[in-house]
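Next, two complexes with chain A in common: one pairs it with chain B, the other with chain C.
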Partner chain A sequence: MKKKTLIALIMTLALAGSCIGCGSGGSSSASDSGDSGSSSASASDIKVALVLPGSANDKGWNQEAYDGLQEIKENGYETAYSENVEASDYETIFRGYADQGYNVVFGHGTEFEDAAESVAPDYPDTMFCITSSDISQEPNVCSLQNLNNEQGFIAGVVAALATKSGTVAAIGGMEIPSIQSYIMGFEQGVDYVDNGTTALTAYTGDFSDATKVMEQAKAFIDQGADIISQDADEAGLGLFEAVKDAPEGVYAIGSVTDQYEECPGRVLTSATNNIGEAMAVAVDQYASGDLTAQCYKYGIAEGVIGLADYHDCSDVLTDEQKDFINETMDKIASGEITVESAQQ
Partner chain B sequence: MGSVFGFLEVVINSSTSILFGALGILIMQLAGVMNIGAEGMMLIGAFSGVVGSSITGNVWMGALFALVITGVTGLVYGFCTITMKANQVVVGIALNIFGEGITTTLYRMIFGMDSDSTKVDSFHTVGPFNIPVYIGILMVILLTVFLYKTKCGLQIRGAGEYPKAIDSVGMNVNRIRYLSVVAGSMIIGLGGAYLSLGDLSFFTENMVSGRGYIALAAVIFGRYTAVGTWLAVLVFGAGEAMVYRFQAASIGVPTQMILMIPYLLTVIAVAAFGHKGNGPAALGIPWSKEEKQ
Partner chain C sequence: MNMKKIIKPVLSILLALLVGAIVIAVVGENPLDIYRSMLVGAFGSKSAVAGTLVKTTTMIFVGLSYGFAYKCGLVNIGIEGQLYMGGLLSALAAIYVELPAPIHIPLCLIAGFAGGAIWGAIAGWLKNRFNASEMITTVMMNYIATYFVAFMVNGPIKEKDGTYPQSERILDSARFPTLVPGTQLTIGILIAIIAVVLYIIYWKKTAGGFEMSVVGSSERVAAYAGIPVKRMIITSMLISGGLGGLAGAAEVLGVQFKIMDGLSSGYGFDGIAVSLLGNNSGIGIMLSSLLFGALRYGGNAIQMFTSLPIAVIYILQALVILFVVVDVFRMERRK
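Let's turn to the complex of A and B:
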């Protein structure tokens, strides 16, 4: 009997143990430096770490940063990342990387601000860089502010111009500042066009449940919306399933990356948010000694926020409308239009 | 009328995966084996369904693959809880964590880290619903008959209610439990496969998002009957459908309040109807002939 209990215990432990390292408890995986040989000697000495609040494979916000890190790795830097990190572990993980001598540590999202500010004074040799934030703390906390509000704004402008029914919609994931900014921007974009279009918005409350986004999109379509945008990471893929089965004339607007391939023919365009590019630039700045404790803003003007190709949905908008969109983007870039944000 | 039908369609669509999960849990629990691990089993089902569909290009082969893989998972679960008599809550939780880890890891290994999703063949719709929706409703009827009108059903319930009686007439309690666990796991796995292959046609990490736990609550709320469980699942589905409608209608109520509806409905329903604990008496207690029960 005792032996059986022991085996049962070992079995249970083995089952539980087999998931450490891939579970949600904040798995980390360090990778070897991808020395390409062509990079300068200084690059290979610089170690860059990325801490993600979600899954590196979420086809959205986190993946964008992961792809940015891959680019940084290709540039010859040594990289490592931790994903699915819980709020309670932010500080511990920051300290862990700093102790291991990482030069630049990215915290991917507003939620990392407090952890960076409290850890930074103990590690003067490490630069903590927070994305989707505007904090800075001398001498070693900086931030990269990707302007989600501008991203939502252009999606709103495109939607309002393209709609035939006069109703457009945007679906957000969790109601957090970065997503709120997108939704707020979307509403402002629709208002800016000022052609009587109604903007409907909703949040599904999480970033992994694609079914919810799909059902929400279907409810919007029933409500008469014919252009629908999303900012819900992996869950946002549900939008394309809803649009696939929708009547003619209903289109999706993708976000973060060009999501045309998710439903060819029904994706009007995508409002892109290339924060990974901004990260790569920041690391290069660090290498040349130019990265200082300040907030770097990345919007349309910096080329981080933009609009993807129209692909074969090009005829949905007239050339005048496309020109109007481009002019609007220029105006945002030049500061002529200011877009309100949920983040201050 | 159109909007009423539209609403019902959403209710049934969004509750079908939970229905499968709940029916699978029901069979296992009636036989006396507690299953906290339905969340993990559904994830494994959702993932293996996509893998099967992706490899063969046929959604039915995908569903079959999901059934086989979750059946094997059930066998392992049965081995831990029935043969080894490990604590069923602990094994269930371990299974949930394992399910999330293994599906995430294998998903990345097989489909890579591309920013495009991998689309596979998915279930076709007949009339207003996908084929599995009809299977789910049929299963509610068949299970009710099976569990309450057949000898086999009586034996399963006996194994969970009073295993000593089953044993005293010369039947093998653990064999009945094993069969129930494997069959139940396969049905749960089908629920997962419906999630990834029903309305959607891809897998996302941790896509089950708590449905396994809701299914467990539905079984208790449904007082351990198939029809009761179905009604419980529909209550939750109605809550979900209301969330989508209210948000789409933009009635000015804060999002957080609207998102609360399904959970609020469940809490109210459980508080109102679930007051009597009428689960199987031997639930969670491993059977052994030598020991006094």
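Let's turn to the complex of A and C:
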């Protein structure tokens, strides 16, 4: 009898485990009207869905897209999203949205490529749009690629102008094309300033281990670098830990969002990369009938890549140097400067 | 007795829905609306039915897997791991072996069965040799299997182009043919039904099935009757694991067409609930698989198209499972 009870108890635990299993496979929604069947005659005739591989409030990759979706919603479109979607459900969720007549379905990240390519032929009326990717498939799979090389380029220009020691550094996460582009851009930016500055670069190999980024940053500081940039998602936060303990005159350059708050007073500026803005631009293009099956590259010209505020580090750079940075950005936007990339 | 067998699971489901309705009402939504959109999400259109049946396929395999071991008195909580190992071997056969479809698909299925069977049999052997509880060993082996697959797709079998940790796509000759064009429904569901039929025949009509159920009732009696208990245990874990492996193979060959980290979103654990709700019988498992398939697929729909907070949906799914377990407590006491 006792053993039976024990078995039952252990099974209860296992079932509890299975509930957690269900949990992580789930997703949630924010539907405008709550009733997908009703066809309102308002401006929101276009329905946009976003499928996220992680939590919408992760303060990083997913949140960036979620914020973009909120902007799209404010622009008058009807929106819905699914978060924490497991790889096994990508296709299912895509089909679900397409069945309900969603016009644009975003898959947030390279991992959604296969699902989009296999689902798209069955739903010619839905545009599937993959972020951080370069795929396209006629007539209804497109992709959004942010020009990380331009992002790196600006960071490189800022670093080369701000350095006192003549050595700057950039740390990448995983060595994949999007990150390689950032690092390549950084090196080109430093070369562009052409004041004899040396650029040190390294990859730590992942996006989650902040300690590795911190150690790498400390090593660079020991080698004389006084301006250090990063492009390593969550792991990149390790850079700010290193800068906190560094001697006076060492500054960090943040990336993706304005990362000033991570270490006030020691973050010179941030090279921003606003994927959400790119999504909003794409949806507007869809509304005007211009979104076609191709890879869209968004950079400084589209306002997707940019530079954050200098906050209280404003006096590190002279006004002439700031003007030079702005001119350089204008030149990239106008195509006068072309930045090489690791992506096609 | 027979009536009780039907009434109890139905009662559990109704109770779960009732308590679920209260939870939904507390959150401030109309329970009927939510249930309706769940029903529509699961059965409302051709592709919804197909989606539900795809999930049902997986549920049948994992349900049979748990049921097979349970009938022999074993508790196999390692179906998740067996699913991953089966998925891995069948993916290897589907990617790297070139054969015409009529031979390729069976080969991949055999590979999938073998992958799970080996993983299950290890737990059976540990029980026989060291008297190690299969409940513990199978749970632990889940981790080894999932992380082993994660290692494989990050390294040795990672696709050449692309940066996401997943294998190459399987060859076309290994893909399950689609049953209804434009949907995800493949012959996987037919294979699952065949498995159910074989399951019923084994337990109802064969001497092996009878002997194994004697072991399940009491190992001592079985030993006294001259039944080779240890061999029964290892065979049972072998087949139970193999069925779990087939769940993985069906996912790889019929749904994902590749293997990656996150092949299963906890399906292996659903198998426990599926089997218990279905009273471990073939027909019962098939029906409860349909219910859980609908819960899984319709649950996705709720999450997509209503403003119900995500946590409530988890509560709903958990309630059904919980009431199944409560039911089990009662049955255990009666014996």
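In this section, the second predicted complex is superposed on the first by the 235 of 344 C-alpha atoms of A that agree within 3 Å, B and C clash if a C-alpha of one lies under 4 Å from a C-alpha of the other, contacts with A are read in each partner's own complex, and residues count from 1 in each chain.
Just so we're on the same page, contacts are C-beta pairs under 8 Å (C-beta built on N, C-alpha and C of every residue); 3 or more make two chains touch, one makes a residue touch a chain.
Every value quoted in this text rests on a predicted model; they were computed, and no experiment measured them.
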First (chain B), second (chain C), both or neither touched by A:Y97: second
Which superposed partner A:E86 touches (first chain B, second chain C, both, neither): second
Contact residues common to both interfaces of chain A (with chain B and with chain C): 4-5, 7-8, 11-12, 15-16, 18-19, 21-24
Footprint of chain B on chain A - complex, ascending: 4-5, 7-9, 11-12, 15-16, 18-19, 21-24, 55-59, 63, 66-67, 169, 175, 200-206, 208-212, 214-216, 218-220, 222-223, 225, 234-235, 237-238, 241, 257, 261-262
Touch list for chain A against partner chain C, complex: 4-5, 7-8, 10-12, 14-31, 34, 36, 49, 80, 82-84, 86-89, 91-93, 95-97, 99-100, 110-111, 113-114, 118, 122, 174, 176-177
Complex contact set, residues of chain B against chain A: 3, 6, 10, 13-14, 17, 76, 79-80, 84-87, 90-91, 94-95, 97-98, 100-102, 104-105, 107-108, 113, 115-117, 195, 199-202, 204-207, 209, 240-241, 243-245, 247-250, 255-256, 259
Chain C residues touching chain A - in the complex, by the definition given at the top: 41, 45, 47-48, 51, 54, 75, 77, 80, 135, 139, 162-164, 166, 169, 182-184, 251, 255-258, 260-270, 272-273, 276, 296-297, 299-310, 313-314, 317-318, 321-322, 325, 328-329, 332, 335
